């Protein structure tokens, strides 16, 4: 921790800070010039938080030094994490595609979508049995019945299931059915749920909260990792801004920025990330081009009758074309990476 | 629901929309001019959501008509809700003040703060036993031991206790100790927790999420109200924006805007709302001047040693002065309201 | 400037930074511990910018030390600036009120409004002759004819005129008529216009840009001050966020935050700041309670016929009541300040 | 214009609205059901603005029908605009690449960069002679001397010049030298400058303001188009949000969203859009994948010594690799478009 004192800090104020540090067994080093005093406190963060020191009289700014994410951090990691779900590798340079309807609505609906998702060569099916809804009057999902249908679909089509766990109460049931458990954006800081996910035997996909910084997102991942589950996948799904041409602002630069900080793989959800069907395919392409490990896309056989999020679901024919385009871009980036000698440059 | 078709919508597209409505027993009325067609669908929202119609071909825009908040809405309410906690009336023109440290840290710390809070004439004590923390490595609160200390403080100082319930698992314990249970900002859309709060026998204070619109906040209140608990208090605590002089942007205009939509009382938390001690008193005054029913302020006997949120906690002497200033402004607004014949104008 | 090197920075990288500094005559001091190296470079900012050093290999973070606002800064100022316009003191503990229609539309409209503004005891009239409009098809103001009407109104009602200068081309004409020249939010970083305002003989009111941080706003003021005009008044008018109950989010905590950094007085415009008539009076009260030196409020005799911004203009009767309420709050804060021994505490 | 009255609107309020319309020669059509009244007013927008009607008593909501952008709108356009600059087609399915330093600093610097930009096969050089700077103390550009150097570079390397016009005063000089004149983000609503650009004989590139919606951006383009200059190119350069891993949030979904509304071509500037060198190449790829007509990228031979924006400038070797990757993605999308029968689907 580096502590910069105000130019007009009194010597008593500097002493107070030094005392706080020494009381915790930290040996600070002080540098003084005419207009400033700064204190370098090695390993302070373990014993003392930056904002506690920042609250002291005479302190201008406190800058942490070491990464606060012990487990999620790329620094010190043995390598980048690859999460395998139903034979699909998320991370490690592969292209992971996940498709399906927003919610399970009926056996017929789920199976129709599952069939064309599988036909397009996609091996992971996403669909919610439990749906988080802003309004208590909106469709809340089929619940356990939805999970049963998902289990059937897995058997019938050989698809891996990605589905959301909304709360600790229903987590066991979701864990049993899912091949990867989703933690939704609204729950990114539901710490009880994160801890439960950390004790889950299945991989967990953690969506970014609508107003979460990259740092807060990695802290949320740290809650899961800290309980012992190392199979964590990040998923960017758009953030809340004032920009109003789309429901959310898909913050794609977080993909290379995350890869610079963490070893965890990262997917992008352009469906929730835009909320507009006509923006989904362009942004799915952009996500792969930016270096994402894959995308999660909503598709529905009959979006007009969808009980949730119809306006953003892709039509079947568009879905298949999108898959081809994404595979093309992925192949191209892989070749570029090969030509560059396999270096992890530029998000490749 | 009012449905505006695109100027170039084909007659088949108009027919499709009409069919969807009629299939649900809705009798639409159609108006046509040279450049537009619009459909008025009474009571459509119960059977059909605006975004489902919005997803149909040829539809330009869908405008809902009636309020989506059945229970939180001011329309149709018998009057404004007043929530009574430990003899303090929140709402109804009274001034409700809540003070205390961010978290319970020790018996000594809690009692020192409780004493001067009570001495300042404040009757409600806020302090967290369970703390939601961005980092898993930060102080997470004393838990059950914290609740025991709060119960002691209630007895000793005659203060009503406001404390946060973090999850369903520990809700029973919090409910037993608290006089008003707080649902924190990060949990504003934790629907399982909201439902549990709706079955709670104590009043519930619902903080606004850092990226929640007023509408989403009222929907969250609707989850609580829908389970039967009508003692709900809203609390604005700052939203996340790019404006960087304070930790959050305290969105004070939401106070009169909320009062125009809902009968629920509303408090303001200028401590989390700014994160800077020197901004707390001015913004507390501003909150009361804007028509808030009260404020929730952090104060700490020794902010430098606070285990959480020290930089924003008010010093004891400032706290007492603030109380006097707030009472002055409140009295003045009450007189202005009297002079205006008691009308609920201008947020008075 | 304080330069923190990455924990894994190589010694060559540290040397490079030191060389850059020494080449500019700066004598850096280096502190090293096991996990970090930091460099303290006195007065570096004059010769070298923080982001240039930040771009160098091995650098983790650069923290500037001294205030970048030489002229706007409170540090080193002789006292707080008071700007006098038509006998009204903006700053110095007085209450400055400015009222009027958004735009000058006709002699009749202007005079009707000017009369009741004056009747309410307000001495400054605001109205635009030149209007910045998002759409080229919207009413652009009466231009020179509008200025002539404003000059007439000044004579007739003894009101000081506050009106906007949109560009360098028409600045001379505005300067001649206005008692205080407004620089609008969209022009906050129109540097040619700022420089022209800096050579203006009249006081200048600088509105905050819709996405400007406090620091950028003070930099814009610095452009004006640097040309020699020291009569600068800041005006907060709402920022752009995703919060959608009002047109803008009035960022009131910027008032005490600005007063902590600069000696310039600050007004608040709750009309543009909310865009909703029913929020204007509560937020005007809140502004004064937060410590603003005054407010700028739109009022119109017939808002439905207003050629611009009708929805936010206050009705005449509301305007007069608002003035009384603001005077009451202002008096109360003055007394509180007196009781505290005249200290500039808590934004008083 | 579609006007929805409040459910509780009185008949007198409905009449008032109808009178306002009829007074302007508009023949409204009224539809009534039990819970709502709506009024369809053809062509109302020409005579009356939506917000004027919205300010009337009893009005719940006003929805405009026809596009407010007469000249920028895709509706009614004869086809998509292609702007040709130095033989490079911006729009029409081609890939337009623009590279260069942020500012012209010296002959040596400019020529070194221009040489490797040209060597990479790029035909357009960007560099500022006049620099808009937040601080008056930052490097403001070489001015006329910078323009002279740009003219030399054009001659020497056969590059087309893209450079910014900061104000009306220096516009003539910029117009003479530039092959395409840039209007910067801070000036997006500098209406005098937009009008001058509209009378310019050269193409104009209009950057999106840091807090401008897509609609406001197209209105700004409308100011230029309205003066007669139809050679307008849009450029997304990142918006201001709270997301803090990059300097701005590159809002890539605006690319397909803009293409759905306007016939104007659109470029993306990932350098200002992220402010971090390591994010530039991934986001440049993403921009092309999202369907942008090209990118504008900063590159500098020696970023550490750059007088502005060094941290985001790409190194020479990375620049050349980026060009190859972008060409690959562009080729691939072109083939996909061919396979789809040339349809303008999915932003292709």
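Each chain carries a letter (A, B, C and D) given by its place in the written order, and its residues are counted from 1.
As a convention for this text, a contact is a pair of C-beta atoms (placed from the backbone, for glycine too) under 8 Å apart; a residue touches a chain by one contact, two chains touch by 3 or more.
Everything numeric in this text was worked out from a predicted model, so none of it was measured.
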item	value
Set of chains adjacent to subunit A and to subunit D	B, C
Chain whose Cα centroid lies at the greatest distance from that of subunit D	B
CA centroid of subunit C to CA centroid of subunit D, Å	28
Geometric centre distance via CA averages, subunit C-subunit A, whole Å	39
Gap in Å, rounded to a whole number, between the CA centres of subunit C and subunit B	30
Residue numbers of subunit D (touch at least two other chains)	211, 240-242
Subunit D residues within the subunit C interface of the complex	20, 49, 51-52, 54-57, 68, 70, 132-138, 166-169, 186-187, 189-192, 209-211, 216, 219, 222-223, 226, 240, 277, 303-307, 309-311
Residues of subunit C touching subunit A in the complex	2, 4, 7, 29, 31, 33-36, 38, 40, 42-43, 60-61, 63, 65-66, 240-242
Touching residues on subunit B, where the partner in the complex is subunit C	211, 213-215, 239, 241-246, 249-258, 260, 273-274, 276, 278-279, 281-283, 285-291, 318, 321-322, 324-325, 328-329, 332-333, 335-336, 340, 345-347
